[in-house]
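Take a look at these structures.
The two complexes that follow have chain A in common; it is paired with chain B in the first and with chain C in the second.
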Partner chain A sequence: MTGGYGAGRFSRGIAWATVLYLVLPITIVLPVSLTDQRFLSLPQEALSLRHYANIFASPAWLAAIGQSFGLAVVSTLLAVAAGTLCAIGCWRLSRRASDLVRVLMLLPLIIPSIVYAVGLYRWFGKLDLLDRFLGVALAHAVTGIPYVVITVSAALAAFDPRLEQAARGMGASLGQTLRWVILPRIAPGIASGAIFAFIHSWDELVMVLFITSRQVFTLPRKMWDGINENLDPTMAAVAMLLVVFTLGLLWLDGALRRKRAA
Partner chain B sequence: MTLPPPSASAPAGHALALTGLTRRYGAFTAVQDVSLSVASGQFLTLLGPSGSGKTTILMMVAGFTEPSAGSILLDGRDITALPPERRDFGMVFQGYALFPHMTVAENVSFPLRVRGLARAARDAKVRAALDLVQLDRFADRKPAQLSGGQQQRVALARALVFDPALLLLDEPLSALDKKLRGELQEELKALHRRIGRTFINVTHDQEEALRLSDRVAILDHGRLVQQGSPLELYERPATRFVADFLGRSNFLAGTVREVRPGAMALLAGATRVVQAVPEGAPRLALGTPGLLALRPEKITLLAPGEAADTEVAGEIAAWSYHGTGFSLAVQTTDLGILHVALPAWRAAISPTEGMPVRLGWPADASVPVAEDSHAA
Partner chain C sequence: MRRDLGWWALLLPAFLMMTVLYIAPIVQVLAISVTEPQLGLGNYDRLLTNAGVQRVILTTLRIGLLTTGIALLLGYALAYVIALARPAAQRWWLLGVLLPLWISVLVRAFAWVTLLRRQGLVNQGLQASGLIDAPLPLVWNEFGVVVGMVHYMVPYAVLPMLASMREIDSRLLAAARGLGASRGTVFGRVFLPLSLPGVVAAGVLVFIFSLGFYITPAILGGGKTLMAAEWIKLQILDLVRWGMGAMLATVLVAAILATLAVFSRVVDLRRLFGARA
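Right, the complex of A and B next:
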């Protein structure tokens, strides 16, 4: 006799098939990035790191990485500030009002990004933000806000409102309560939101295609152009680095959550 | 000549007065027209069953809930509109509300930090406050690493450290086991005596209310039913609810048959119940129905031939033993079941079910009480 309700053979099979389906593309990119050939292909005679070396020797790739990183940092900062304030505001408001605001905040997740991009294109033209660092940073920040709102709201839901009352009852102003009581309690939620907002900006392509041309040239944009123009395996190497970097961020998020749970 | 105050620099406790305090939630009235006053240095307990509006009153006093009507006066000054952070009350919340990310010392130091005290002054006061609640050894622990009783004392230290003139306590001992609760009740009472501040305590534990308070205010369905010293409330409950909620009572219902100066008699079936009526007490008119409350410990077992103002015969329907005494439920024909508390040591009988007994009590053992106005 086995205890508990183990998964049936069928559902187990489906689960593993799903995992394979999700992981398979990555397992193909890895060998391709290690190819010894000069075009996108599987390794023929030996494994080689030359394409990885290529990235760091190419000013174009390095510039793209630098620009993407800078954009991700700036847009994350903006998204975290706006998203955290929004979540706290909703939390303090009445339930009806805050539900409405929360749904509004999730719009960027619900609307297809291509629709969003078209809209941005029209507005940014008027505002002279096309092909500008600030424009892309704003676009990524706005679309990154939902991640922050979701994670910070979740952290606030677990926050005991009596702690705020206790603080105010002891004479703390709103600012002091925020700084000494609320923010430290929801910091892990903010960190999670920041990580997701960062990842979002880091690999966002659709909006970038619409609102940039030459001045701003992000890493996903460079990969996109690379795929369209030539079949350089450097792309696979870059892709692998992206995967590793993103996994690192997700691991960090998991570690923060574990620390919060402890 | 008057005694010097407990500490020369400390201000005396605040006097607080509530007038017509009301709080409505939509169509529901959580607190209705409560008027109360607490003198400086007094220990007041708000006592009532769950949902009777105790927390709501405390939250209005603290400033977290806005009254729908009525006002709150602090030393004669209207503070109804003052925000909570400007009231300067110490408060211990139901469940303590300690900051989990701060150590015990940081928690206690919070109200001082808010007031912009320098580090050295803060540390000294925190140490003194932790000494007071005997937690000096735990200063560097997080709240999660403390027992319930220790957390409760941290909450108390945090509420006391800035020397508030009024301390609000919302069921501070409800989460503790009986023994620890008893110890902390003693500590709380001693603390109150030592620092001479005004305390307002909320509880639904009647024993705690009786032990700790100078005054008790009894609430039911958002209304103030009766207030007074513990002794007054226990000995002279005004309504059936108070007699039943504060301790246990038997209720004797009958019709008023005789009225003389200082006493009256009710007839319940064939039993004549004699009731003393003290000077100035409202008296019931001849022929009207009357209700008396009688404490189980005031009933005695009559020996053969022994007489009492009121006598009734019955037989033991159920009994139990509590170490200090027996609890008897005696079935009578005219008065229904009467609960009797009998000291066990040298008890005249060893109870068995079905045993016939004769009960009696003096005329001043019972008190006339009113039926509850909202009785269902």
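Right, the complex of A and C next:
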């Protein structure tokens, strides 16, 4: 968009300041994580990796990382399975018929997680799912469905419905059509949805604060305690690892999107 | 209709999970708010009589509006520059907006605490440079909460506004320039009015996210600046007053749905939430 009209100096100034405000504070985590001191500070005399070594020597941190990873994998699988089928159903059915379902699938993005967490605390008490791996996995899966529905719907929007009709017309069953015609075409969209559902579970804290206590102790829960109790450079090292991990996942998503576009 | 049966069956797993594991717990919250400690609207009475609840609601609204206002201003300038940039530059700008969006909210809150606390890097820097004698109170108060919340919300403000700005026909701007309008006039009379739907959408999105926000206000408010979500957590986990917690949770949901309903004429909700991915 140009045509003799571009952004002026004033708006460019604010835009630059805003981007720096968005990005710079996060980068502070790197030098702090490499400090040679015992407290949160910039490195004084030398760079040190000892706070990273602390994480890998600590059974508590490793257990939390392992548990978060397991939860994220299980809840992502559930969310991807349910969300993908739902998006395909909504796509094929008339807009009016499936409108209610579409709105329903967006609710977890609209309703604050604190409200859901309060309800879960009571509901899971009845179902005996409090402080259980399965309970957290289910809660994260349900709230991860919207991300999958959104990305898969976007992928389906670019899919020619005549391919599906042709397959059915030549006698393919619904299952065969899904397996051989639809799913291969939208696989990159599903992968994107899976990545976002994974990040959602991996980062989720509010529900975990309500429905877990000792048996399930995730990485965000451990970080939350760390921030509220003892602010030490180990936290910065964990934060740095998380940033690198998230950047890796986003890079993967970008690579998949480029592949889809090609 | 029979032919469609198989397609309807595809909706079933998600629909069941959603109703049994999502809708049911939330309906239960609404139910608790009128049944505990006893049946009736007693909990809602406190909205009129209890100064503590009123203060929390006012704080939540004040911080929510302030956050929305600042995020819209910063986000508008950013979206404006991105929309008018060349495609190659757009990609870099967008990276700067989207990266923070996906970085863990805990990591971001931690970074802000590191920077803003009394012995934090900002205070150290300012003291070392001689600008201030004593550390400034930058965090564990309302200032810190707003800084952290705006930081979280700016990307959500940028995306809907950028989407709406990208739909503006650039020939209109060129035509206005060609007809002799100054840059300021082109912006004020052509660009700004055409981008307003995006501004409203962004405002709604940021405001409803702000109302129910928990983690950032809880960490950066340090227990002194209480917003709705943290107050609900206190009622239920610490004071075990289910009725009161559920009441404010219901009010929160009602406020969010009411905001969406009011603006649904102007804003395409599905697009608004789809814009995120």
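Please note the rule applied: the second predicted complex is superposed on the first by the 256 of 262 C-alpha atoms of A that agree within 3 Å, B and C clash if a C-alpha of one lies under 4 Å from a C-alpha of the other, contacts with A are read in each partner's own complex, and residues count from 1 in each chain.
Everything that follows uses one rule, which is that a contact is a pair of C-beta atoms (placed from the backbone, for glycine too) under 8 Å apart; a residue touches a chain by one contact, two chains touch by 3 or more.
Being a predicted model, the structure only gives us computed values, none of them experimental.
**Q** After the overlay on chain A, what do you see for chain B versus chain C, clash or fit?
**A** Once chain A is superposed (C-alpha atoms), there is room for both chain B and chain C without a clash.
**Q** After lining up the shared chain so the two structures overlap, which partner does A:L93 touch, if you call chain B first and chain C second: first, second, both or neither?
**A** Only chain C is touched by A:L93; chain B is not.
**Q** Which chain, chain B or chain C, ends up touching more residues of chain A in the combined arrangement?
**A** After superposing on chain A, more of chain A is contacted by C.
**Q** Determine, under the contact definition given at the top, whether A:G171 touches first (chain B), second (chain C), both, or neither.
**A** First partner only, chain B.
**Q** Just chain B (first), just chain C (second), both, or neither: which does A:A157 touch?
**A** Touch status of A:A157: no partner.
**Q** Contact-wise, after the overlay, does A:L120 reach chain B, chain C, both or neither (first, second, both, neither)?
**A** The answer is second: A:L120 touches chain C but not chain B.
**Q** Going by the contact rule set out at the top, does A:R185 touch chain B (first), chain C (second), both, or neither?
**A** Only chain B; A:R185 stays clear of chain C.
**Q** Have a look at where A:L62 lands relative to chain B and chain C in the superposition and call it first, second, both or neither.
**A** After superposing on A, A:L62 lies clear of both chain B and chain C.
**Q** After lining up the shared chain so the two structures overlap, which partner does A:S11 touch, if you call chain B first and chain C second: first, second, both or neither?
**A** A:S11 sits against chain C, while chain B stays out of touch.
**Q** In the superposed model, how near does chain B get to chain C, counting Cα atoms only, in Å?
**A** When the complexes share the chain A frame, the smallest chain B-chain C C-alpha distance is 8 Å.
**Q** So which positions on chain A get touched by both chain B and chain C?
**A** On chain A, no residue contacts both chain B in one structure and chain C in the other.
**Q** In their complex, what parts of chain B are in touch with chain A?
**A** 62-64, 83-91, 93-95, 97, 99-101, 110-111, 113-115, 158, 162
**Q** What part of chain C is in contact with chain A in the complex they form?
**A** 4, 6-11, 13-15, 17-18, 21-29, 32, 73-75, 77-78, 80-86, 93, 96-100, 102-115, 117, 119, 121, 151, 154-155, 166, 168, 170-171, 173-174, 176-178, 183, 186, 208, 211-215, 219, 229, 232-233, 236-237, 242, 245-246, 249, 252-253, 256-257, 260, 269-270, 273-274, 276-277
**Q** List the residues on chain A that touch chain B in their complex, please.
**A** 160, 162-163, 165-173, 176, 180-181, 184-185
**Q** If we count contacts the way the header does, which residues on chain A are in touch with chain C in the complex?
**A** 1-8, 11-12, 14-15, 17-19, 21-23, 25-26, 28-29, 32, 40, 42, 78, 81-83, 85-86, 88-90, 92-93, 98, 101-116, 118-124, 138-139, 141-143, 145-147, 149-151, 153-154, 174, 192-193, 196, 199, 202-203, 205-206, 209-210, 220, 223-224, 227-228, 231, 235-236, 239, 242-243, 246-247, 249-250
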